[in-house]
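Same chain, two partners: chain A is paired with chain B first, then with chain C.
Right after this comes the complex of A and B.
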């Protein structure tokens, strides 16, 4: 096994007017060239994990556990050491390109920026590399796009520019945080193609964070389902879609259009006061008293890791 | 008049763009459609096709370059002040991002009170009206003291819908109402909208780029392509 990233017992708490338990003892690993999809509802802690890996959480966040990236614990590194890694070895594609791109700088300058930040080469040479990166992304007349500003391009094009900028240094691990959110189907297709090309050509490992199950199925080798700050099921992607075990996973799949939009009753628990037992128990139709009192562990059964007393 | 249909007839909309606004860009070309009470007209099309523009024109938020919007047989641009006020109350719009429609500095309770005070609801009825509304959209009284930032996307969308329902609308323009929501929350909101339509006989214009959602919700479906509306009848 050639692990690029190993997250062990990661917990993130936010100290505000109330103590918020955003992520609770999450563990997973990503091998070289592997795509792991982290899926779940908004607010379940997916993006907090991404920001914890990148060490981009605000000061009120308390992070516990271990994040081993190429034999270094990212939680123990100084800001200077992290700055040397970010962009070069570990990159993130943010979900909103209009916020990720600077409106007053040209696309060419922003795609070439990682070369300048890490002082790898001069501006002219970097500009040539940026143009080639855009060509690989399917922008045939890249010189035209290099001089354009984000406001002159569509949301889908801007998202591809963000991917180009984030991956121009060929980092071994890319975190894509909701890269297709808000895009229509043709643009989703384009972004998925870019990410697939990136993984296949460079053997890049990808942590894909999404609430779009179709995108997760298309791109990932393995899938981890999160609910209320915890991983509740993790399996190979096809095994998961063929036979989801956790009641929440089954509910998620039933909410899809092809299954008739059957909703899961109720809402996720508050991260301020999560239930003491199984966090899905208040919405679960299969649980009993034990589920309300005891917290289930994530255990391996039938090719899946699953956090449910009734699945073992 | 609002139990009758809401119709758009030959709507064309152009915007001035370019240097010194010297160019005209046509977004919609002679689009006609009808929304009937208790029914849903589903409007699809890629991003930037003009779906939201058409919704805003039908809701009276933007004037068309040519063409007319009719409530029953009355053209909205010819309405008197009082009739137009009633029209604006009866034809409501629900946007994709509910947080944009809610004041971040106001609690759920204050946001709902604002609507009730605009409606001149007697003080002794405010609590019961608020309670009924929360029950209808599936929110709890515990959430009354929370701010929009403390609610999930689905809860904010329910709140936005609840505020609209207080106005007892005849028609709602639903502009990508579930695009920002997760699949499970999306399913909840779609079911809520269907239940409300069945009980209140509300007509919807359902705008989305997601074909599966539009087909699930709609009685009639159309797609905006190059500014023109292509309906199922046209394609068959």
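Right after this comes the complex of A and C.
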């Protein structure tokens, strides 16, 4: 076992006018070179986990638990120690590429920036490396793109520039927060290829946060399904897609267009006052009284970790 | 970033006027027929071979006018540069770090904002007998508040944008983010402010000098007005003595303001969506 990232009992609470439980006791690990997909609907807390790992949460957020990254607890590092890790060892790709690039700088400068900032090499050498990185990404005439501004490029191109910039220092762990959101299918393809190439060439670990199940299936080795701030099922990707155990996971797969577009009835519970028992119980077709009263644990059965009384 | 063809006549005339003054400031000896210290017959009229006559001690007024451009422009631009640097530093720090830094710096800004500028400078001038650079310092140190406020509010807006977040995630330091990610995105609100600060500093200098509170040996346009007033220029109705420096101050300030407005109007097109 060569764990790059190990998250244990991570809880995130937001102290606002009401106390919001965004993430509740989440634990998972990522091995070297492994791709873990974190899937779930909007508001289930998957992006909050990414932000907690990057220490980007606002000050009113309370983070409990442990995030061990290469045997350091990220939650207990100073801002300065974090700055040294971010970019070099830990990178994040945000969901909106056009906003993640500075509109007033050229692409070349922004892709080369990490070298210059971390004082690894001079600007000239750095821009040579940036040009090579862009060539590897399939931009054949990288010189043309180096001088362009983000507003002159399409969203898919910008997303690949963002990936190039954030991974140019070969960090061992990359977090991709909805990297394909808002892109059309051919661009999704390009971004997926890029991430796949990254994982294969550099043996990078990837935490893929997405609500696109097709992307998750294509890229990930393991998949974790989140619902209302909890992981409700975690399994190897193939095993999960062949035989999802949790009623919510089954509902998710049934709601895909190729499986008939059957929606899950109801809406997800409010994170301010989640149901006392199983959080999916109000929408579950198989629920009984026990589900409404007792909260199920995440237990290992039939090659899956699953949080449901009926599956154990 | 300025598209010249989109700017109207106003922009061109502003540039043209300021250009004339800048040429006067850089090459006074090539333009002025005499040294401003050279003495001729006092109180000569314009017809006498001196383009604008001579003053009470026989200096050629046109030559004085030409060499005054350098003083006025130096005071205007130097104190505006100082103003802008202080305003940018304070506004950026307050807006980027927020919290305590913001409270303290904006409190300071409010305090400086309620100090009445001209009376304070008059008091300082009375005690310190200011020379050129002291005047620059005083004008610069007491007029940065509006730049600081504008920069702070713009920084608050820009710091929440994705590229600042992603720069933080790449491990860039705060100073780097402020200088190379935020400043290029807010510079368009600073340039017009810079031009207006230049114009304001020139007017302040002229009023102080006119009141006799500047350095009388500085030879600025304000000094010329002051001498014209106190040494008989107005009484004798010598318009060629008091009118030219007043016109120069007015035209110079107008040209700078017009250019500032042009910057402001132009940059509306390049704001970040």
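What we mean here is this: the second predicted complex is superposed on the first by the 312 of 312 C-alpha atoms of A that agree within 3 Å, B and C clash if a C-alpha of one lies under 4 Å from a C-alpha of the other, contacts with A are read in each partner's own complex, and residues count from 1 in each chain.
Methods note: a contact is a pair of C-beta atoms (placed from the backbone, for glycine too) under 8 Å apart; a residue touches a chain by one contact, two chains touch by 3 or more.
On a predicted model such as this, the values are computed, not experimentally measured, just so you know.
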Report task. After lining both complexes up on chain A, report clash or fit for chain B versus chain C. Result -> fit
Query raised in the report: Between chain B (first) and chain C (second), which, if any, makes contact with A:99: first, second, both or neither?
Result: second
Query raised in the report: So, does A:41 touch the first partner chain B, the second partner chain C, both, or neither?
Result: first
Query raised in the report: Is A:6 touching the first partner chain B, the second partner chain C, both, or neither of them?
Result: neither
Query - First (chain B), second (chain C), both or neither touched by A:236 - result: neither
Requested in this report: Scan A:186 for contacts with chain B and chain C and give back first, second, both or neither.
Outcome: first
Query raised in the report: Between chain B (first) and chain C (second), which, if any, makes contact with A:31: first, second, both or neither?
Result: neither
Report task. Look at A:86 in the shared chain and tell me whether it touches chain B only, chain C only, both, or neither; answer first, second, both or neither. Result -> second
Query raised in the report: If you take every C-alpha pair with one atom in chain B and one in chain C, what is the shortest distance in Å after superposing?
Result: 9
Report task. Please write out, lowest number first, the residues of chain A touched by both chain B and chain C across the two complexes. Result -> none
Query raised in the report: Where on chain B is chain A touching in the complex?
Result: 46-48, 152-155, 179-188, 190-191, 209-213, 216
Query raised in the report: Can you name the residues of chain C that touch chain A in the complex?
Result: 161-163, 165-173, 176, 180-181, 184-185, 272
Report summary line: Listed in rising order, the residues of chain A that touch chain B in the complex are 40-43, 154-156, 181-187, 211, 213, 251-252, 255-258, 260-264, 267-268
Report task. Would you mind writing out the residues of chain A in touch with chain C in their complex? Result -> 54, 56, 82-88, 91-92, 94, 96, 99-105, 113-114, 117-118, 162, 165-166
